[in-house]
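Look for chain A in each of the two complexes below; its partner is chain B in the first and chain C in the second.
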Partner chain A sequence: MATSAGAEISAGRRAPGWHRRVRDGSALLAPVAAVLVVLGLWELVVRAGVISETNIPPMTATVGELFSQLGEGDFWTAVGRTLEGWALGLGIAMVLGIPLGMLIGSSRWLFRAFRVPIEFLRPIPSVALIPLAVLIYGTGLESKVFLAAFASFWPMLIQTIYGVQDVDPVATDTAKSFGLSRLARVRHITLPSAVPYIATGVRISSAVSLILVVTAELVIGAAGLGREINTARSGGNLEVMYALILATGLLGYVLNLVTSAAERRVLRWHPSQREVAA
Partner chain B sequence: MSPRTRQLVELALEIAVPIGIVAVLWAWTAQSDTFYYPPLSDVFDRFADNWLFERVGSDVWPSLRRMFIGYFLAAAIAIVVGTALGSSRMLRRATAPIVEFLRSIPPPALLPFAIVVIGVGDDMKIFIIAFVCLWPVLLNTIDGINGIDPTLKDIARVYGISGRDRLLRMTLPAASPQIFAGLRLGLSLSIILMVISEMVASTNGIGFFVLQSQRSFAIPEMWSGILLLGILGYVLNLAFVIVERRVLAWHRGARASALG
Partner chain C sequence: MMCGGLDARARWRRLMSVLVAALGVAALLAVAACGDDDDAGSSGGGSAAGEVTKVKVGVLPISNVAPLYVGMKKGFFKEEGLEIEAVPAQSGNELVTAMVSGDLQFAFLGFVPMMAAVSKGLPLKVIASSDTGAEKAEDEWTVIIVGKDSPIRDVKDLAGKTIAVNALKGVGEVAIKAALEKRGVDPNSIKLLEVPFPEMPAALQKKRVDAIWAPEPFLTSVLGEGGREIEAPLTTLGPRYPNGTYSTTEKQLASDEESVAGFTRAINKSMEYASEHPKEARATIPTFSKIPQEVADKIRLPLWPVPIDTAKVQELGNYAVKYKVIEKAPAMEDLIWEGATKN
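Up next is the complex of A and B:
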């Protein structure tokens, strides 16, 4: 991207405006066309009977159902419940993961001492804890949040540890020789250089948190989109089921966009983001 | 402190702290009469009863088989498709919204879809595992191929290397560090999906066992299953790291990573 942006600037005087407009136009056209083609194929395949309508309803029916869901209060309540679990899970993971990561990352001893326990706990699939969560917290919001927080804690913690360890030693030494206190060093050196890693951690954790919330709703029946999907399936209401699956995907997509935009905003000053912003 | 003693102390810490944690848990739960946290010795007993090696054939093997089939299927498809998408700017642009959308669907939300369309057998579980592992590998392959040093591409062109040689000796090796990053993410996802798919619709497997134990209030059994899943995740991750180190030995970045 960097080179094309640079070329655009240098060619800016010669290339008239329409040139760029055409290019932007085709850049927008291709994805839109591809989405339309896929949607069209879906409709065609089902209408032509390649896939039975009892398995997958036609696209128009599903998208129509999605729009009618958008007008219903129950749908938005379910979305709200899912988002509530997502936000609490992610929030708890950040509040615990970032400080702990900074602590462990900045000490060689602590890092070595906790490396094996972390490596052991991290790959435990958090879904293995679903039965435990049900026993201890029941089938409500607490279970959802516990699972989401547990799962998204690890990417948060590990990204922060990486980030803190990646601080340029020259910068730390310079700060030391200028007599900056430990706290000032954390504030002015460690934190800013760890922020890109932490931001990546937030992005990963956000996705993980949503996955776990929906899983909890599906498997243990906590209120939210996941439960609605399962209800629609067991009721044989396929159009609603597919519409809700689409809605869940869109929710994930939007949350991705939001966290990426937030990341760009927070990291505007950072080299990795400059070309994207340009 | 000399570097040598320092190293020894660090190694001692690395060994002692986990042992210490287990010892504390052992002592703490030994007198426990809470139903949910049985004494650690009970959990270990059940672990030995169930998993060494009574249920290996009936539960562990079916689980692992589904997981590996799904995982390798996903890896193969993702690397092939990712190579194609990574080499063409137009294709990449066109498919970006679809890839982004499919990837954003929380995988468990697809379970009802898979059950309706494929049924509740092994195929459904393999499908769901493969579908989910596909995205991290695909995206990383695309990025890896897209991000190949232009100088390298120019050199390949100048020397007239093309076709198969170009793909096998330049493109794929240059993208392999990123592909491996994706494969690693995919591996941990495949374990997660293995468990979820068994919890929702299954008659065997580790996930099924854990959920079944909880439902019948066999708490030490449940914990032994969770412990097994932890060990499994750890061992698979370790095996992956070993393979990655070997394959990417030439790549400096692989050695610089501190946390394994």
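Up next is the complex of A and C:
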């Protein structure tokens, strides 16, 4: 099949749609098969008694419970709460991280000055700040957003700094010699160069924000999926607990699809997104 | 990259900056809005007659607090002009912190953590008993149990063994040590391992511990798999031994004593009602915990007598000091609000 596509393209007739459909079709098969294998293994391991059913319920029971949870209003309220925290955490990280990153990245002096504080604050695990968060913000949304924003701020900041620093110096010099003002240079040269990095930063920060939000809900008891998981655990209801854990994973997967799709859209003009030309 | 398509890129950049700005404004607005909501909710003070006061009550998702939910359902709190928001927490420590910081006006808190807090000078007061141990050992809802194949047959076999408790330096440690001593077993011979309640059945199965001090619903589930009861610590200390409280902050008492009195009346009424209607109490359990109704119908429930047994509370305090769980036991007047129902 590959050769006939190649033959078609080299014959001057472009069939990009057909080419992509074939590629997507076989590309879809592998991940779906992998997921099915993992699920099957889970079922087998539990049913065969390798892991006791009292420690983890069989896959069929858990997935069944997941489907019934999807019909519960409380479940979607919890999802909404988790998404609320995620969006606010990511939003704050972007609002603070992108401008600061652009500022620090564009100045050699600022970068050198802030490097040590950044490298010092960055590895602090947000979960270590939970007692501080609870003391200042209590056990609600603000606490959870504080932790998520703190954790997702760093990848956002650093990616933006790298993006700004990666600007092609030849392009900058050319722009200068064309007489572009500083602001115009930022708009036409720096920003387009940095946007792919920023987009990666958003994708990473999005994942980090979700992790911290669910963790905060689990540990602090803020409303959301994490708290529901902990309640199920306290009640010894393993089926619901693992169903909700699966739901959290699925939520992360969906959010990743959304941010990746947004990234592709925004970067449509970027060379890295172009198909290989004939 | 330089020539051609500059307009398209400029358009995308403008779009991105607009999106970022919008997101930022939205985020700031949302945080500001949420901040205001919380402030309005947590004031809880100074209500005029006929107005409804909103109060936040911290709870743990366990069957002990069923009367609170029964009372909410039956409208006992509304009759006192209170609108309850039950806030589930993960541990007693968290409830103490949240009360001290003003996040909660009331909370369900064990006697031992309350005594520890008050003896350290934290501005909290007990306003009602929340639950007690059972009358007889076979009805006790937190019991030291062992697995089916365990060589332990009797409480005397516990000497030198490892027992799992949910938290060291808590009510578990006090009750277990006091009960063992009363039964003639040296309390210093046992080893206590801290294991959260949900993980206790697995710890027992994997033989990481010899016995577990497990509450419902884990008690019923382990017994259902052939586990055996060895010792009911609270019942050994006495029938209907004090376990938990509903407590409030000094700040709440100072700013709105009427709401505290109203809450106390309503919760006492709820506990009486729940004791007389256990089926309704069991029906509320799945609503605040994730315990399914079939399990909620089978588990052992705590008792909910209204008057606080100050003699037993004092004794519990002395035990707690004896086993070095708290430094000194507070006087009953310092611990318990004068308006609470005592016997």
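By our rule, the second predicted complex is superposed on the first by the 243 of 278 C-alpha atoms of A that agree within 3 Å, B and C clash if a C-alpha of one lies under 4 Å from a C-alpha of the other, contacts with A are read in each partner's own complex, and residues count from 1 in each chain.
Heads up, the rule we're going with is that contacts are C-beta pairs under 8 Å (C-beta built on N, C-alpha and C of every residue); 3 or more make two chains touch, one makes a residue touch a chain.
Quick caveat, the model's predicted, so the values are computed rather than measured.
**Student:** Tell me which partner touches more residues of chain A in the superposed arrangement, chain B or chain C.
**Tutor:** B
**Student:** Quick one: is A:V219 in contact with chain B, with chain C, with both, or with neither? Answer first, second, both or neither.
**Tutor:** both
**Student:** Which partner chains sit in contact with A:A128 here, chain B, chain C, both or neither? Use first/second/both/neither.
**Tutor:** In the superposed model, A:A128 contacts chain B only, not chain C.
**Student:** Would you check which partner chain A:I245 touches, where first means chain B only, second means chain C only, and both and neither mean what they say?
**Tutor:** In the superposition, A:I245 touches chain B alone.
**Student:** Could you tell me if A:N230 is touching chain B, chain C, both of them or neither one (first, second, both, neither)?
**Tutor:** both
**Student:** Classify the contacts of A:G138 with the two partner chains as first (chain B alone), second (chain C alone), both, or neither.
**Tutor:** second
**Student:** In the superposed arrangement, does A:N55 touch chain B (first), chain C (second), both or neither?
**Tutor:** Both partners.
**Student:** Which of the two partners, first being chain B and second being chain C, lies in contact with A:V35: first, second, both, or neither?
**Tutor:** It touches chain B, and chain C stays clear.
**Student:** On chain A, what residues does chain B touch that chain C touches as well?
**Tutor:** Of chain A, residues 55, 134-135, 219, 230, 232-233, 241 contact chain B in one complex and chain C in the other.
**Student:** Where on chain C is chain A touching in the complex?
**Tutor:** 1-2, 5-6, 8-10, 12-13, 15-16, 20, 23-24, 26-28, 30-31, 34-35, 38, 60-62, 87-90, 94, 97-98, 101, 103, 197-198, 201-202, 205, 217-218, 221, 225, 289-292, 295
**Student:** Can you list the chain A residues touching chain B in their complex?
**Tutor:** On the chain A side, the touching residues are 27, 30-31, 33-35, 38, 51, 55-56, 108-109, 112-132, 134-136, 158, 161-162, 165, 207, 210-211, 213-215, 218-219, 225-226, 229-230, 232-233, 238, 241-242, 244-245, 248-253, 255-256.
**Student:** State the interface residues of chain A toward chain C in the complex, per the touch definition above.
**Tutor:** Residues 52, 54-55, 84, 87-88, 91-92, 94-95, 98, 134-135, 138-142, 145, 171, 174, 187-188, 191-192, 195, 219-221, 227-228, 230-237, 240-241, 266, 268-269, 271.
**Student:** Quick check on the complex: what are the chain B residues that touch chain A?
**Tutor:** Residue list for chain B touching chain A: 9-11, 13-18, 21, 36, 90, 93-98, 100-102, 104-113, 115-117, 188, 191-192, 194-196, 199-200, 207, 210-211, 213-215, 219, 222, 225-226, 229-230, 233-234, 236-237, 258-260.
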